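You will see chain A twice below: alongside chain B first, and alongside chain C after that.
Coming up: the complex of A and B.
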């Protein structure tokens, strides 16, 4: 039956094509954004898939240059007395005599005037250019390739982190290649410009990522804000996951299994609270936090819970939907498990902790992911509650701050893209780790085990 | 138990009153965080040593206008805060900003005469001063010297009128179809300066906005006409977000921007050989037009430590702090005495551009970038008209008619 087989293959091919299209549609923007976050000019038009930072030749050069300069090949730096030799090749048309480039170490730092405040030693004050010479000529059919070599020497007693460099040649002398690809070409092709020739491998490839960490620091404590933001978000998410697991499972169990007066009333009230949109209770929640939960917080010496983690944590101890999930889960567990324990004389407390809680692992796993992900991405409420200092922001608010720093005036999208990417990682990791629970939790197959 | 908690409460309240005076300062997030915190570390803390006043900067990551309105109405606003001229008017009107006249009279270091008058006026309502401008910006002509050299055209200069300016742009644009003369942002925030030069004012004697004013029509025709002839281009059409990006891309020879462009050029196109000059004069009126964009320090009317807050305000606007801000290229401060500052006389394109922007505030028809209580809503209809004309979706007349209707709707609310 060749026709049936053919049809089956055609079906498989169609399905695969469809899946492929689907994944390209979903993953395409993700991959492209990742590529862009590495580029010098992420918004360059037309967009290009060729990224200097992803070329092995540049990796080797960035590593070698930093190593040669006495710094670490991976992390960069131009050590005291360090030397870097650099080569660059230009093309000139027949008839034009090539000229050696004018090499300048400019007084410049990536990130503008605010970043300049943090620089103590400028490379422009210490780095000297020596031995600029022509080292080779290669005639072509219609022109000439000329290669120049020069050496940068650090005369400073300290290691320089950033060594920017600009090379300028006369009009119509075209840049062909250099030891390390320039970050930008300017002045109608005359000037080749590097942000940092002794960057080292990692800061070169992940320049925008390095900027996110380096350029956002707290003046009062000197700490890197981005690291703090990640830590804050992890802390808030961890606390919320713990409180949710604890309270949701206890409340869920009580509502599912215990018989006490007002049970249905409480459940109905809980369901009702789920139906109210957050916007409705938003202002009253804010006022409650502002007054420290009707003045209760004054007992602990705090007049307001605004701008505190306590406020954020207390206002989000557990959500009704989490309790609901747990209640449904416990209701499906066979009652016999519990009954046999009760016959053996176990208290409700023991039954819950020794039998029901461990059995609830799939639901708890699913709840962990859902809660972590929702706290990690939570934006509006922390934005309102946490105002200052910037050290206290969770990552989502930190990203907004990045947008202010880079997007508002200068449209410097590189660090913003890099920051967003970093923020997407933990959720991805969590999904991969807890994947099994996630699927199990959703289908509640655990009840059969 | 109840009595105990009450007693505790009283103790805490008493403690908070007797404690040190803590001044909170609210401002933009991003780079301002680093700048203001550095300023506090270097100047404010040393000056306040021993007075028991502590200072903290609270950067706002969110849209600042929205934040400050919410915080003021919730009673959680900082003691001192940024006040942009665009929305200061509505804030002042609602009475949440402390009048500063009484403090200024007593002050020995901060006098209203020290501040550039056009800036101070923007925050003065009926003779009452509500904000002390901290820095400002105006528009200037920023040009790419390489492109002018390449075309063999004289650089734009302070004597240019619209006609000579246009002639220069036309010659530069003739180099190549992909090279344009002027970056034409479809925004009143740029174009408006030209309309002012022609004699337009946002509100006429009756308080109405008349877009059929001949001055306005002439200016919009001149501006949008450049898009039609290819002498200028909207930055969006060469995939740039704004004039600075267009200038950095070297596809456009001139952009009308403020000093904020300097930092952007430094990071996007550090080797761009740029120059700056004053805005071109209107050939008829012989005047230039310009906007003043400024941000002031305002004081919270509900602040518990107003005297201390004013003391901090004095330090923040002191000559030493402003000198520091100017020399580091962070902003152009608001004190009039800075006009003779040696910084401006340096042979450095950045300092010279800053000087041109500084001069822009007091040359010709200069108005603050504010539109009464309408704020940014006022410019919306005009921005859309500019965009519609330059992308050939409407003629100037159609677009203006539509804009006038929408503007009347905004103002009639």
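Coming up: the complex of A and C.
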């Protein structure tokens, strides 16, 4: 007989199952994309949860190889005269005689021809392979495991940042394991290929992340574009948060607590504006910025506000929804707060600035987070206003650019996914720390009436 | 006296001074813009030459433009499917999550994660997810391989459940068809049976070639039985991930609403012997009406202006499979070739504005206005 106790227990179990199922549905794609952003090939088939870059054995190897070569274990590098010893094990079937691999240091750099300009000293010119020898054999039931060891020596007078390596063996000799797992296996398994054997721990694990920064630089200034984009987005978000906090609380206070002709009209107009898509009004707004806000910007010696942050900032001083949130907040404060100040003869400005604005702190907190999030994520309007140069893009437009850069021929998803996660990081951190404000923010707009 | 009167003027102007920055953006970047676009919709403006009045020509032209009719169809389908699906999903999620159990905060945060990141981030992840050799096709392949086995599992579970409930009924005990403890037991038992059958090789998954659905670069439509109402596959993919990102936000709104429902209502219903489903049907859903109203309004407005996903997909999907009204307007102002057609774009923009207003108005009529609690 299903007792009440048992029923309750089954209920809880069922709910947890549901919760987990939904979590997989909502978080799954995210988490899997995050894992894949570390992979050498994020579109490998079948998709797998195994990531070489997340195996502690590879971490240890990457660290040790870089250290051994005279570089920094964390950041990598093969120092002048540095030596790296490397081991690799192959499997051969019974009856087949194992052959030592052919070791080649190719003239290659990750990221294609454009990256080649960056390289001053090629590892292929300086690194020599010495002491290639067989160091062990282990017979199996149906075959043989053979291990070879060799040493890479840097004869250059400088530290080499990238040392790619290719090992090739005859047909049917299968790769089993190596000091460091190869980045790719090519030519039907005959060639094992490494991007950088002296990468060091961090560049090895976050190779795709490093590529995002390293491989995208400005044509005009030579600076790293991705750093610029992050800085631009931070700057825009900071300014917009400040203007929004100030102007939204001013307007919200006026609409909520003051009685004046036109109040209901303004409020209705504001609600109407919240309903109309930005794509309706952007045609005129684009022209207004192009002409420098009716030519006013010429007073400051600027003929157009397109491709300027001033344009983005002026057109987005304060949004209707922020005013709405502040209006809702001020309406909930008790009237007694300002009545006594008014009797004392304080002006509206004093009351606002000295009494109401400081009281609005909780709402301002939520508004800060929400504004930061919306500016950081804004896409349509910056796409219209900021078209060139790439130095000026905010991060969202930069990501679009990144997608085009790596998606030109075949998609190189590693850096695209890496860039995606870097750009999502600030908002995710904010969300985790200030979760309460996000929820409050929705419920503020949620009590619309 | 002078001082007092000047202070009076300052006081009278104070509201407008406080409102000034907001009014500036509202008037210049909304009011003026709206009127100007309305004016442009009657002209042949091309961003450069002086606009010439052409009357209603643009409005006639957009309805002759095959791109526009496609865009309108896509936007309306998108709106209907996404708004309905995300509202229902949000409500179901909220009903499940509205429990006092440990760790609920973690799950709430997890579900909300997709909604806080930008559309660019989400869209890029999804483009990757829906690649030809991507995770989506992999999951579909796996599903096809294990379809038979999953079916067997469900059948077995249903049979178990029925026999358990039947046995209980035979012994004249009151029991519901979906008695949770039985359901749990049946699912668990049937899982163990099927899993061990697969483990020991009694059941083998079907041999299926990897599914090779092209999600983006295709003009195919789906589902076939809908005929001309079927929507393009790329649009369907966008719908899927739009529902995925917005449902959690609305779920949070529903959760807040659920917590506002007075406990006495449930208790009274429980005393009257109401079943769980009846409680949901006659108490919870009516009490949540204001939230539903809000969620549907926000859904309608949001889906009608869908733009980002189409722009980010860009050349990866054919234009006629993804174009929406918002994208139609944008691409007429900034066409990749040819001169900008501001007149037609403005006409389409006015159409979008009117469409949004009309749909929101109809929605108010249907769901009933809930604004009187302001």
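Here, the second predicted complex is superposed on the first by the 428 of 449 C-alpha atoms of A that agree within 3 Å, B and C clash if a C-alpha of one lies under 4 Å from a C-alpha of the other, contacts with A are read in each partner's own complex, and residues count from 1 in each chain.
Everything that follows uses one rule, which is that a residue touches a chain if its C-beta (ideal position, glycine included) is under 8 Å from a C-beta of that chain, and two chains touch if they have at least 3 such contacts.
For clarity, every value in this text was computed on a predicted model and none was experimentally measured.
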| item | value |
| --- | --- |
| Chain B versus chain C as contact partner of A:417, first or second or both or neither | second |
| Touched partner set for A:32, first chain B, second chain C, both or neither | second |
| Touched chain A residues, chain B compared with chain C | C |
| Chain B versus chain C as contact partner of A:45, first or second or both or neither | both |
| Touching partner for A:127 - first (chain B), second (chain C), both, neither | neither |
| Touched partner set for A:400, first chain B, second chain C, both or neither | both |
| Partner chain in contact with A:84 - chain B first, chain C second, else both or neither | neither |
| First, second, both or neither for A:152, with chain B first and chain C second | neither |
| Touching partner for A:383 - first (chain B), second (chain C), both, neither | both |
| First, second, both or neither for A:105, with chain B first and chain C second | neither |
| Interface residues of chain A shared between complexes with chain B and chain C | 43, 45, 286-287, 383-384, 400, 404, 411 |
| Chain A residues within the chain C interface of the complex | 1-2, 6-7, 9-16, 18-19, 22-23, 25-27, 29-30, 32-33, 36, 42-47, 243, 246-248, 250-251, 253-255, 258, 260, 263, 266, 269-270, 273, 275-288, 293, 315-320, 323, 347-349, 352, 373, 376-380, 383-384, 396, 399-400, 403-404, 407, 411, 413, 416-417, 420-421, 423-424, 427-428, 431-432, 435, 438-439, 442-443, 446, 448-449 |
| List of chain A residues in touch with chain B within their complex | 43, 45, 106, 108, 110-118, 164, 166, 168, 184, 186-188, 190-191, 193, 217-220, 286-287, 290, 295, 298-299, 301, 303-304, 306, 383-384, 387-390, 393, 397-398, 400-402, 404-406, 408-412 |
| Chain B residues touching chain A - in the complex, by the definition given at the top | 5, 8-9, 12, 16, 24, 28-31, 33-35, 37-38, 41, 56-62, 67, 70-71, 74-76, 146, 150, 239, 241-242, 244-245, 250, 260, 263-264, 266-273, 328-330 |
| Residues of chain C touching chain A in the complex | 7, 10-12, 14-19, 21-26, 28-34, 36-37, 40, 47, 93, 96-97, 99, 101, 104, 107, 109-114, 116-121, 124-129, 131, 133-135, 138, 168, 173, 175, 179-185, 210, 244, 248-249, 252-253, 256, 290-291, 294, 301, 304-305, 307-308, 311-312, 314, 316, 325-326, 329-330, 333-334, 342, 345-346, 349-350, 352-353, 356-357, 360, 370-374 |
